[in-house]
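Two complexes come next, and they have one chain in common, chain A, joined by chain B in the first and chain C in the second.
And then the complex of A and B:
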């Protein structure tokens, strides 16, 4: 890692520079000369494992500090909403390491067991689990879901330095659950349709009896005129 | 003079009363029709993961559904003219129910294409067509307002369905959600049952002619069969193309639909590209929907006024010009505030267009020819509607420039040209219609007054400011009137 600092007001010819990891000084302090109006501090660190990851800072004197975060690539958008599936059905859950980030060497899947994570071995139970990993994407298919399969699942993108985890939740419900609102709505529709049609039949009957009365009255009043108009139309 | 009593049986529109309940039914029905294809996109991500397919494959569901909804126009026109609106809307509701329920059991994308796309789309087309037709039967003087209110169903239902679908998805998964959505679509049947068929008015003179009809059932029985055959041959009524106003309208609406949907599809992406964060960009579409909700009935109200109603085609061309200029304006500026202003104006323009588009067709065709006209128009509009977004997206954007700006310019210019075309051609059309009406009135004054008194009487009752269709309806072949009223009698 290399730090370059320009813009120092004092323009001292030499300044002390050192590296810190997670707030603790590492290595010895160095004297950094001023070259071309800037100070350069270079540090070489071996990444041996997970202990090598963390927050690194390069410090110039007591004035300037630059921070680096060394970590494995984190997964971008991991679903926070639970994936809902049905008992007896199968569910596919996926984790993705997006494009510019490096692809992991392999993927592991874990099922949460209390606070522990149990590694899922697809080879041991091929009729239940199926893991398909391809570069930056991995999917876990769980078949024949039961209530016991509900809970949190972790996908791990394995890198040489560490594994980055993503968490997904799976909920298993029975078919009856959506069926209840379904039936409720169907019943509501049938009731409404019946009410509307009955109301209409009732008001039709009323208007028929009503108009029959008025028809009779009108016919008595204007019998003569009608027949003459009928005659006219026949022409 | 057998035709004369039938011409009187052309129903006098109610323009109120139960008509407003019918508008509510149409509101629900049209709302589901337009909102459903867009609202189910909420489920796509999850279905996509389960079936392990690409996004473009699953986006086809929406396209197929919209295409089927518009392509089903002629079929639903035929059903509506034969059986009336109510059974068709009920059938549409049941079809949509079946489509969503079967889709919830689906295990492949093809299954979803057929269930949701084809069956669902056809069900929605029955809903749409029949709802529009019944409005034209129930309203005349207040028809633009009724149309505006009914079409407002689309943005309202979209606003309601989108969060509802999110809730259903997180509680029941996509399968359960489809099941429940299917049940909700069954409410279209409720809407349909509200659509009472229009019965002829009961007057003494009309009662006599009704009796005459019952006495001569034999004669009419065979003539009904003959008319049914005519209906089948009028499945796609190409004779409509001879109507000048129809052709003008068709060309204008084709141009509108070509450019209408692309800006909506790409608006969010355009905003994000300008540096606006995704949440605010998605909010833009909600703003548009919200404005649209009020623009539609507002437009209906305006179109109903005595200044605009007689020349409502000009209002449509104004709406198109406004929308087109909006898109062109969008390409000129940047920034979130600018985009919000654009979205509001676009919402107004979009709402105006959709509030008016079917009203203008009714105005041109009259309530008798409207069912077949709308079927023909929708199936032709299918093409630009489906081709528009991909053509605009790929043609103007990705391959050529890489900038969304040109997409808005392209859509804006197409719509603007369409609007200007409509304006100019309608000036010509109105001029010709006025001439024709003047000639007709001169011809009528020479005929014996007796038989035409009653006809003119009813015509006068119907309208205070005769729209152009007045002349069209009088000259329409009486055979069509016969079949329409015959159908009404069977309920």
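And then the complex of A and C:
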């Protein structure tokens, strides 16, 4: 890691520079000369394992501090809302390590057990679990879901230095749940259709009795006309 | 020649029924994208394989339109629409039980599409039977739900999928689609005399004005949908964010609604001939489609947004006047059959247009060619419409007797 500082108003020819990890000084302090209007401090650190990760800072005298965070790549966006599926059905949950980040060497999946995590062994139970990992993506398929399968699952992207985890929630429901609103809607449709057809029958009856009245009137009138024409003919 | 009916209480009830049923047909059609991600993950299929579901549904709606129209002529429009509503709902209900992609093609694709085909054209023609001069306004209002329903259905289906997974969401969608059935129940037999119905109505095929109209409408279809398919990608291509691109689509949808209603209302005033109005809006739509990639190249978001708004308005405006032109070409008696056939023939344009624009983009590397070709299709269609007989007359032929045929 390399830090470059352009200094402040009093451009001292030399300044002390040192490195800190998680707030503690590491290595010995160095005297950093002013070169080309800037101070340059370089540190070389071996990454041996998870202990090597943390917050690093380079400090110039008591004036300037620059912070680095050394960590394993963070898991890409995982669904924060629970993934829902049905008892007896299967569910596919996925984790992704976004493109520019390095791909993990392997993926592991865990099921949460209280505060613990139990590793899922797909090989041991192939009819229940299937893990498909390809580079930066991994999916876990759980078949024949039961209520016991509901809960939190963790995907782990395994790197040499550490494992990045993502958490997903699975909810298992029965078909009765969507069936309730469905039946409510079907009832609403049937009621509407019944109301519309009944209304039409009612208004037809009204117009039939109405037209029967007008027909009667017409017949009376035409009867009158006929008799007058007959009278004319006779004449 | 006395004018036909132009309103009345039941006419506007029917407009309401058209509003609801159009929303459940085309609004649903436009919201199927919500299931896209779910299906890709669950069935582990490619994006292309999943997008065939919507393609099949759209194609089925248009393909079965002539059949729906013919059944209305032979039997009762009410029964046809109610059956169509049941089929549309059944398709989604069966789809909720699907175990493979082929099931979805058959249920969400064919069965629902068939149901939609039995609903749309009969509803449109039934509504038009209540109006003469104001048919464009009636249709404009009736179709305004198409834009509105995307606003409602998209977030609603997101919510349903989150709560009930895609199976439960499809089941409930099936239930909602059944609301088309009461819309069909509202159709009443009208006292208009109908010419003896010829099931099939293939006689219109050999008449040049109808063929001219079909050719023009097919070209419209080839170009019209390209922005809906590619506008988001175009916006992202020139560097705008996902939210900016999504916002453009939302406001285009909003101006689409406005365009339908305003165009329908202004057409009903009767100042201009219906076919002239159609050409006005369609040519403007074509021009704005061509301007879209050019305005995006300017790099200015307000400019692209403005052109998109204008495209949305003009695109919506032309939809209100397409169907009212049909009876002027083939006569009122054959309006039902002809409308069905138009749907079928224009589907060719729709099927070819989007892949063609995709192809042009792949070949040239940007969207300029796709949009310019799409806009040109609309302008070419307008030119073809000018060859209709007696096009340059200033007044519409009186309804139901004279047609373009002479």
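Assume the second predicted complex is superposed on the first by the 213 of 235 C-alpha atoms of A that agree within 3 Å, B and C clash if a C-alpha of one lies under 4 Å from a C-alpha of the other, contacts with A are read in each partner's own complex, and residues count from 1 in each chain.
Heads up, the rule we're going with is that a residue touches a chain if its C-beta (ideal position, glycine included) is under 8 Å from a C-beta of that chain, and two chains touch if they have at least 3 such contacts.
Everything numeric here is computed off the predicted structure, so don't read it as measured data.
In the superposed model, A:51 lies in contact with neither chain B nor chain C.
Residue contacts after overlaying the shared chain place A:200 against chain B and chain C alike. Residue contacts after overlaying the shared chain place A:86 against chain B and chain C alike.
Between chain B and chain C, B contacts the larger number of chain A residues.
Looking at the shared chain after the overlay, A:182 reaches both chain B and chain C. Of the two partner chains placed by the overlay, neither chain B nor chain C lies in contact with A:63.
Once the two complexes are laid over each other on the shared chain, residue contacts for A:125 go to neither chain B nor chain C. Once the two complexes are laid over each other on the shared chain, residue contacts for A:22 go to neither chain B nor chain C. When the two complexes are superposed on chain A, the residues of chain A that touch both chain B and chain C are 81, 83-86, 89, 92, 94, 139, 173, 177-179, 181-182, 185-186, 189, 192-193, 196-197, 200. Those residues of chain C lying in contact with chain A across their complex are 41-42, 44, 82, 162-165, 167-169, 171-172, 174-176, 178-179, 181-182, 185-186, 188. Interface of chain B with chain A (complex): residues 1, 4-5, 46, 49-50, 52, 169-173, 175-177, 179-180, 182-184, 186-187, 189-190, 193-194, 196, 202, 204-205, 207-209, 450-451. Residues 81-86, 89, 91-94, 139, 173, 177-179, 181-183, 185-186, 189, 192-193, 196-197, 200, 207, 211, 215, 218-219, 222, 226, 229-230, 232-235 of chain A are the ones touching chain B in the complex. Per the touch definition, chain A reaches chain C in the complex via residues 81, 83-86, 89, 92, 94, 139, 173, 175, 177-179, 181-182, 185-186, 188-189, 192-193, 196-197, 200.
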